[in-house]
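Chain IDs A, B and C follow the sequence of writing; residue 1 opens each chain.
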Amino acid sequence: MSFFSYAWDWVTTSANWHGSDSIPQQILAHLGYCVLPLLIAALIAIPAGVVIGHTGRGAAFVVNVANSWRAIPTLGLLILLAVYLGFSVLTWLLPLVVLAIPPILINTYEGVAGVDPDVKDAARGMGMTSWKQVTRVELPIALPLVLVGLRTSAIFVVATATIAAYIGLGGLGRFIIDGLASNEYGPVAGGALLVVVLAVLVLALFAVLNRLVVPAGLRAQAKLGRTE
Amino acid sequence: MIWSWIPQNWSLIWQLTWENAKLGVLSALYGLIISLPLGIIAARWRWFYPPVLTVVNVIYAVPSLALWIALIPAFGLTDTTVIIGLTAFSLCVILPNVVAGLRAVPAPVRQAATAMGYGPTRRLVTVELPLAAPVIIGGLRVGVVSSISLASLGQLIGVSSLGYLFIDGLQRSFPTEIYVGLICVIVLAVVCDLVLLGVRRLLTPWQPRRQVALAQWPGLQRVALRRRAA
Amino acid sequence: MLTRSRTGGIAAIAAIALAAVAACSSSSSSSSSSPSASASSSSTSSNPLSQGGSSTSVVVGSANFPENELLATVYAQALQAKGIKVSTKLNIGAREVYYPQVEKGTISIIPEYNGTLLTVEVDKTSTAKTTAEVDAALAAKLPSSLQVLKSAPAQDSDSITVTQATANKYHLKSIADLKPYAANMALGAPPEFKTRSDGIAGLKATYGLTFKSFVPLDESGPLTLAALQDGKVQAADVFTTTPQIVTDKLVSLADPKFNFAAQNVIPLVYKPAMNATIINTLNAVDAKLTTEALLQMDNAVITEHASYSTVAAGFLQAEGLS
């Protein structure tokens, strides 16, 4: 039997949709674990990226972050906090926020700093204050990249929340970890499939957001294609 | 932090680091080997790239654990499963850089090579690839670093890696072991990154060092160039 | 144009890369033998033919919790002291994961617990409860490729455990006392407890208990203990040699109706990989393994964070087995 047949059989078993720890419950829990850290990370990283991109100070810091953030093993970070903080909200919230910040920060910086200097000059020449320059000119132009950063972060957080089940968290990872423990491939495959579906939905969501929020001209420019 | 634990368990730490390194480095290399021909085709035939990029984006969005699980029926709970999964992710990071690097070769340079009588293959190998090398190696660096870090997750499906130190450290509430695991993964990733940096410098001796720090990020490179112009 | 220095650079890198890839692929296809019996090589459950035990080399495996890893290390070191080539595959997973591997011979020896082995894998309907009954049932019912050696005096059983406060509040001494209160309690245990015959189903059948909810945790590790302390669960499956029972003053409820059978440490082995030396060595080790000794070793490894190999070596030396 293949991955898909195991996964499909398990997902279509109605018993798994009822009771405690059912599929809908874990999907909701998983979304909860993802949305909150993402919001917090965006609240921190977007302003920071804008400031660094606009003023140019601290750019070296961003480059260092860009080079090194992927080296941090997510499981290690989760477990380290679990050992120190026990199994509380902060144990999963802190690492997820920390891991969600770099892609947003890097891409926001890149977007703001990469605005055509002629355009920035024109804005300055028109007498715009820094604040107006940022909000009227730089941020709108940087929007495609900011969205790419948010999308990368969202994918990352979905994946890490899956692993967090190992330290006792609920969510879709629960099916995977419990199934691995009981050697039942059904929930393992089913959980994995649901996580993949969730990730693809996140991609689709951001594609829609891109269409809605970003002006057509900028969208064409940004189509050079970056996965992150 | 119990420092004496490190020399006492040196052979364990070394063995796990080696296994982790194998998983990470091999995956990135395989990713490069697949990305190069794909990227060359995508750079040349523009219609090929958008569908490939979409597939790449979707694969990249899949959490590594989920991808490994999908591979288990075919490959079991083995190194192979982990390497195939990590190769797919490295591919997602390296391929766009191959395409971006090749496309960034200035048209005049390509035309000059053609004018000098270079056929397309010779032009590719002796002109375009070397010029694209910094960006490609930049992508390879990201690929290696993320593969090494993700390889530690392999322990969740029983594949030996530095993740063992995290899991055993959790079970015994033993922070020292967890720190050692974290440090080993990060140091391993940094060492591989520096090695690749050295490789890039060897292969592109004409590049000034400072500028190339940003070259692995095509976007940041545009920023740097524009800065210089302004 | 390629300059000489760049050609040299490329050639050097290509040579190193090829050598590295060749070295990696050749070493990953052979099994590794680790004298200090620590890390695991890759699990090749899909290719049992590549790693069967020959008569002078064995693979010692362990489940994914510290005590089992400790016992595997003890066995591995004892065998090495007798000149047997040993490789280890530690931290594989729960029984449901490693049992098929022992059946196929990918693993030759694994430390087991006779009661749970019997009811989970060998004979789900077994009613054997005491050590002698369980050992006999195992000998009779194990598949032909498998064998158990002599069980050790040491026992590490599942137990339903509560905090001192909970025990005082409800006057709990045995699992039977839980009956009126279970409906308001959350039970925490390893994930496989949900489907095991002596797990949720067993508690219901033997004591008529139905808990309010089941929370999957870990193998009597920090997750379980923290959940008990924090009140996330009111009762949990804690293994009886867990050091924190003493240090955290937990109360393990008695099991008068034997929901959990006797759980002596016992080596589960793959018959074709065995010879007289191996069997005698392991039996000698188990003869000296008392519950007290096991508890002491667990304390060293879990609470004092000593390394598995040091503690194992200490035990073997003290008992004159190394």
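Please note the rule applied: a residue touches a chain if its C-beta (ideal position, glycine included) is under 8 Å from a C-beta of that chain, and two chains touch if they have at least 3 such contacts.
Just so we're clear, the structure is a prediction, and the values are computed from it rather than from any experiment.
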With chains as vertices joined when they touch, what's the shape: line, ring, star, complete or other? complete
Looking at contacts between chains, which pair has the highest count of C-beta pairs? A-B
How far is the middle of chain A from the middle of chain C, if each middle is the mean of its Cα atoms, in Å? 37
Distance-wise, how many Å sit between the C-alpha centres of chain A and chain B, to the nearest whole number? 20
If I count partner chains per residue in chain C, which residues reach a count of at least 2? 93, 97, 218, 222
Residue numbers in chain B touching 2 or more other chains? 155, 167, 170, 173-174
So which bits of chain A are touching at least two other chains? 82-83, 167, 177, 180
Which positions of chain C touch chain B when the two form their complex? 1-3, 5-6, 9-10, 12-13, 17, 20-21, 24, 28, 32, 34, 36, 38-47, 64-66, 69, 91-93, 97, 218-219, 221-222, 301-302, 305, 307, 309-310
Per the touch rule, the chain B residues reaching chain A in their complex are 49-50, 53, 56-58, 60-66, 69-73, 92-93, 96, 99-100, 141-142, 145-146, 148-149, 152-153, 155-157, 162-163, 165-167, 169-170, 173-175, 178-179, 181-182, 185-186, 189-190, 193, 213-214, 217-220, 222-223, 226-227, 229-230
Where on chain A does chain B make contact in their complex? 1-3, 6, 63, 66-68, 70-77, 79-80, 82-84, 106, 110, 113-114, 116-117, 121, 145, 155, 158-159, 162-163, 166-167, 173, 176-177, 180, 185, 188-189, 191-193, 195-196, 199-200, 202-203, 224-228
Touching residues (chain side chain B, partner chain C) in the complex: 2, 5, 8-9, 11-12, 15-16, 19, 22, 25-26, 29, 75-79, 126, 155, 158-160, 164, 167-168, 170-174, 176-177, 199, 202-203, 205
Provide the residue numbers of chain C that touch chain A in the complex, in ascending order. 93-94, 96-97, 100, 190-192, 194-195, 213-214, 216-218, 222-223, 226-227, 230, 232
